[in-house]
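What follows is a pair of complexes built around subunit A, which joins subunit B in one and subunit C in the other.
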Partner chain A sequence: MNNGDNKRQTIAVLFGGRSVEHEISIITALQMIEAMDTVKYRPLPVYVAPTGKWYCGDELLKKEVYKNMPASLSGLKEVVLLPTPGLNSLTVIGLRSKGGFGIFGSKVAEETIPVDVFFPCFHGSYGEDGCVQGLFELADVTYTGSDVVSSALSMSKYHCKKFLESHDIPVLPSIVVSKAELDQGMGSNLAKMRERILAQPGLGNFPLFVKPATLGSSIGVSKADDAAGLDAALLKAFKYDVEAIVEPCLDDKMEINVSVMDDVEAVASVVEIPVSSSGNELTYEDKYMRPGSKKNGPASSGMAGLARVINPTDLDPKLKEQARSYAKRAFELIGCAGVARIDFMVDLKKGQLYFNEINPLPGSLSYYLWVNSEPAVLYTDMITLMIERAQLRKKRKASVSVDIGFKALFK
Partner chain B sequence: MIVAANTPVLNTQKIGSQGHPILLMHGWGQSLYSLQALGELLGKTHQVHLIDLPGFGKSPAPDEDWDTKQYAERIYQYVKENNLKQVDLLGHSFGGRVSIRLTSAHPEIVRSMILINSGGLKRTLTGKRKLRAKYSGLLSKTIKQIDKMTGSKIFENWFVPRFASLDYKNAGSLRNILVKAVTEDVTEDAQKIKNPTFILWGEKDQETPLESGERFHALISGSQFVVLPGKDHFPFLGDGAHLCARYILNFLKTLPGE
Partner chain C sequence: MFDFWTRAVSALFIVAAGIYFYKKRNRRYLQFFQQEEYESKRFVAWYFAKRAYDTRATKAALGGLIASGIACYFNSEIGMCAASVVFSLWLIAIAKAEENPETTGKIKLKMTPRATRIYKLAFGIFAFVFLLCASLCALLEQNAIPALWLLQLVLIHKNPGFLVIANQLLKPYESSVQKGFADQAKGLIRKYDPIVIGITGSYGKTSSKYILKDVLDAVRPTFSTPGSINSYMGVTREIRERLKPEHQYAVIEMGAYYRGSIKKMCSLTPPKAGIITAVGLMHLERFGGPEQVFLAKSELAQAIPQDGILVVNGDYDYCRRMAAENPKQTTLVYGLEPEKGHLDAYLYDIKADEKGSTFKIRWQDNEYEGFAQLYGKPMLSNVLGSFTLACALGISPSLVLAAIRNVRTASNRLEPVRASISSLSAEANGQCPPGTILRLNDAYNSNPTGFASALEVLGDMPGGRKVLVTPGMIELGDRQEAENKEAALKAAKVCDLVLVVGETNRQALVAGLQEGNLSAERYKEIPSMKEALAYLATSYCQDGDIVLIENDLPDLYETVISF
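Now for the complex of A and B:
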């Protein structure tokens, strides 16, 4: 077997983005590219800077490049994905004239970089919530993972809970409050908002949890132990999002996570219990900043580096099975694709499981769960499956006929 | 076959208990830790033995300056000590040299051999590199002679920092072993090998270039060869372990007894 001359498909790996989870996305993308089957695929790193500009270049594969941001951007090609169907490529913009020496430089024709499949590795705003997926749809390109609606529904915590509740998946009571409500009263409405929250069934007692309505990675999340704490928690959440969701905080609880992948049928991984350093809720630091939390691992390995108990032997097997089955159902009901991670809360007093949230583009793509599943799934195989499933979906979609005519205009 | 009088203790780590045994041997200056991530993935379905080669990691150095044949004999003893009938051998770089020596000397205990960016072939140097090698070779001989005659230490103090490889500088007491290893050529042994062989190669390797991989592929009859684009001398580092495991498992699946 010799693979020297086969043609590899180009996979544009998109990461970074206008999101508070920008850095985590870089880690996810670099790990993913490391594990990608480069015999079959040619990874093309596409970095979306915090400004929202897109850049391309093999330099982006080296971690050191990110130390000197934004200075290192000058050595990269700026690209865009035009919303025009049929191009199947990125367009290089801001081209300087060829040769570059004053009047001798001749203007170059538009340069494009052909792409076979777009592989978003974003977390959070604009990348995991249906926005970039919308651009993929407009451009009619093949892309991995969830589509516009399933991404948007997944990332709106409140809508997602209400939707799944209507399909008999247990969720904790919650309420959504918006920043606009506060702005109207020049801040004096905070007390009113607090009262409205506390009047909600199931939210009458402290402690309460306050989270930005659409963010992941525990950013902007806090626990309120009293009225003053609730005010502070709301203001903190509004720093990151225009809406906040408030939920009760169970006193004897445990988080468990499961990953689901789409295949011919959705499949669920083993469950994990993420472990926090403080014994309380997981913080951003717990998830991404704890050095060496992975045994002998590198200091920053994203979600893969979190301290966790995978497939805990002392956890009730019934609960594990229930979590896996709810996770698969949630994934299918929402219409997710690719890989997602579904987080549950267990009320240890009642032995009751509640759906908490779904991440349609989880940190490290949850590969650490799959490699510990039975049978073990290699990260390389996950990536290949995600690409192949995306191509299958695109083919299926292309077979749907679209009739666009002008007859109605001229009746 | 010469067996050293001393048989230094081997530090090893076992992962997984089911499946066929596979021995993982690391490169020069490394230890079993470099192959641990790959070992953990292979250990899901195979009985993995990660080995610290003598003089590396937690295995003590041999009393004398071994060549790679003696390293191979020590691994042969390990196979016997552990009552393993037949093993798969996986060798990276220097560990690849040892694998080739061992497979050639004792083909009966080897079910298959897997080489990752293996050492063992002399580089065919061209252009500037060739010139530099000739120049530094002549220079080193001359300086060594001056040192011998005058008792000076020009070689150590002037030549080594300027011309010696990083491996040579860091080799410490293993320097003579390193010199033996890099000046050896395993072409003859490689040609003898009839065992199923899989050659995996990180394309952008500066130390054991792709050309070596191609030559091994030509030398070992029936060998399979996969080039990993974008990977360097250590294709299994980080999450690259998953990619290497994918191709290694694909190969192992085709072997009798799987």
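Now for the complex of A and C:
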């Protein structure tokens, strides 16, 4: 596997996963691998299929593999990351026993693939929300990006807002409701739930936004214009998550996004305004289905293909600065690492900025913002920086002593 | 010695070409055999009705026969050999050019274990027969080569026959395999014990299933079969692969293929509740009359236990009769036509716009307002049936209506899709004008009621020019011609352009359009759906046009296939 080039470090790029944003994650990972500095690093694509099984192999760099699943996966190596510290490798499973016939005690061949750094490129459930980070912690491996707590806090829209609100970052009012409440009484509580939402300060007037509480993309998000619409919007959100968050929908608003990366201290990118095709909220199609601006272009280029205005000149510079400073503070307060994208909502009537959400593993890793920043950061350098910062964090963490004693047992 | 070698080479070429051609061709026949659900009788009937005889390879085999015959007559060994090689190569070229059925056609060939078994056994029989007969030909010495070509010619035409023979031979084995699978599925149903809701009816089964699953899913995890899977084996497979312990409801679409098929299905998934969506004109050919259809559908009503729930569509007299003959603890009648009699659930005040339909429902003395991203009375009738059953299960009506607002059946049943004009054409060429059309897909198993209401929706829709693309309706017995003519007559009043697809109902449709005084430049006859859509994309559509695709027949019924 190593082909003798011991100098290059192996970077396991993990993508796919049991998430509605599975497909976008594939795009992010393939783009990222393309941009990686291959003089320093050897990328090892690790694909987590919708079933949750992990596969690796260079075949995964070709898009055709994803078209002909699951048949195409049978030719790949199935691997796992064992939670045992110190292995620093992926273990190939499902190998047939090699050599030795029955009675001589056939030995199951064990193959491991050494990995220097794990680079998750997941979006959404199980990959961006602290789950896979938990596995990295157990296995005590080096990994890029945010850790367990910061990932989990970022992905829970409600908790994240409440936390930042307590640190004086402005957020819109919101309420979180649970599907469990509906399951009782065969849905007769729906009206009660609706009344409770409407009674919440700041949520008394339509239209309202309803979103699944922990999903990052626009999937399951809808706008409710009246009571019947709110009922339907809640049920739609509950299709994708057991909790939903309801927020007001400003009538004259604009979304602006900033990316933040951790270096010696957090740095913020330029500001962008994502543009929707319909003049309304961004849909999944807006984000991912529009091929990189060109008509009938090849394939989707993920978040990087979205129509957007980067560093808009007509936007109030004070607002831009405010967004960048809130973004850096949010990043640091939550304890993020690697790269994140922070989305704000601007109430154009009041000129007020609100924190909306933070994506600890943004689509296309937000590289499109950094290449336009001042000073510009190339995608290749960005990836290198993320890997180096991860290695630094690992070293720092290794110096924390873990005293495990057995004094209490044998007193 | 020279004679021996030339004949051996000739024979080798003929046999090799024959086997190669057989292997390629038979996969194509298998595609249609699979679409006929391995029913030998239906497949044979299709073969003769569609004249799916070989025309391509016959030329090569006939050429080989004549050329080698002439050479034989003139005692030219070398001539026979040359003729055999040349025509065998031609046959191989023909075989090579055969379409791959796993990637072409609307319904692609799936090499399931059963298809593989049939294919392999058929090949075994073919190879045995071919080689045996070929050895017998060798006894003819001088005339052996022409005889081999004659054999080739005969076998090319017997090609699909081997599939039928293999299928018949495998039947006992298949049914034992199927019984094993069905027993496993029955075991799972018993173990997890979901509340089974059966849905049957001449129309609207699949849509009702989608809607009801979406509604029930909002309160409890619900199992249902994907697509229009509604056969005993189809449902068996889905249960084995996808039924989970957490499923509390199972919505099962039950297709009536013959008398007794629903009864059999009910032994697999014993229903505690059921919806009868319609008893109408579908599949009259299979049953032999509406009374027989009624009896076949009644099997679901009979299978529901006394304390169960029976929901029927009161707009059909046969459904009302079924409810009267099979009273349950909860028997509910729904409908859009109160003049037919008492209705427990009544849907009225339908208004359609570009987003969908708003309507009102009267249920248990209350009036509810609803909205769905769906169109047409038949579809809203399905909505009402699902509403009624869900409410009867104890789910609150407002939650049911909220779930209905979100329903997208994704099943090609009068579903509105905003699409770019270029998306109509399968081939990406840059000649399509920019802009979008509203595409109404009603492309599945069209019937007279559905056709009429789709035209009604098309007529009511505000917007640009109205286009109908249709191959007409099938499986309507001796009424097929009259019904298609009738539908075309209605279409003539509504449409700015009608594209008549294929041959099956061409005459009836055109006759109806002419009777409706649609001028000749406003309708067009086009051999296939693909070409019809390509025509719209490149030569007709403008921004804002509305295109209704009414029915899309499987390749089985389109004329473009050739062998």
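Assorted remarks:
Just so it is clear, the second predicted complex is superposed on the first by the 386 of 411 C-alpha atoms of A that agree within 3 Å, B and C clash if a C-alpha of one lies under 4 Å from a C-alpha of the other, contacts with A are read in each partner's own complex, and residues count from 1 in each chain.
Following the convention adopted for this analysis, a contact is a pair of C-beta atoms (placed from the backbone, for glycine too) under 8 Å apart; a residue touches a chain by one contact, two chains touch by 3 or more.
Predicted model, so just to flag it, every value in this text is computed and none were measured.
By the touch criterion defined above, A:Q31 lies against subunit B but remains apart from subunit C after alignment on the C-alpha atoms of chain A.
Of the two partner chains placed by the overlay, only subunit C lies in contact with A:L190; subunit B stays clear of it. Applying the stated contact rule after C-alpha superposition, one finds that A:A232 touches subunit C and leaves subunit B untouched. Measured by the number of subunit A residues touched, the leading partner among subunit B and subunit C is B.
By the touch criterion stated above, A:L182 is placed in contact with subunit C alone, subunit B being left untouched.
In the superposition on chain A, contact is made by A:P43 with subunit B only, not with subunit C.
Within the superposed three-chain model, A:S218 lies out of touch with both subunit B and subunit C [touch as defined at top]. Judged by the document's definition of touching, subunit A residues 296 lie at the interface with subunit B and also at the interface with subunit C.
Touching subunit A in their complex are the following residues of subunit C: 217-220, 369, 371, 393-396, 398-403, 405-406, 422, 428, 430. Subunit A makes touch with subunit B in their complex at residues 1-4, 8, 31-32, 34-39, 42-43, 61, 296, 298, 367, 371, 375-376, 378-381. The touching residues of subunit A, when paired with subunit C in their complex, are 182-183, 185-188, 190-191, 228-229, 231-232, 234-236, 238-239, 296. Listed in rising order, the residues of subunit B touching subunit A in the complex are 33, 41, 44-45, 217, 224-231, 238-240, 242-243, 245-247, 249.
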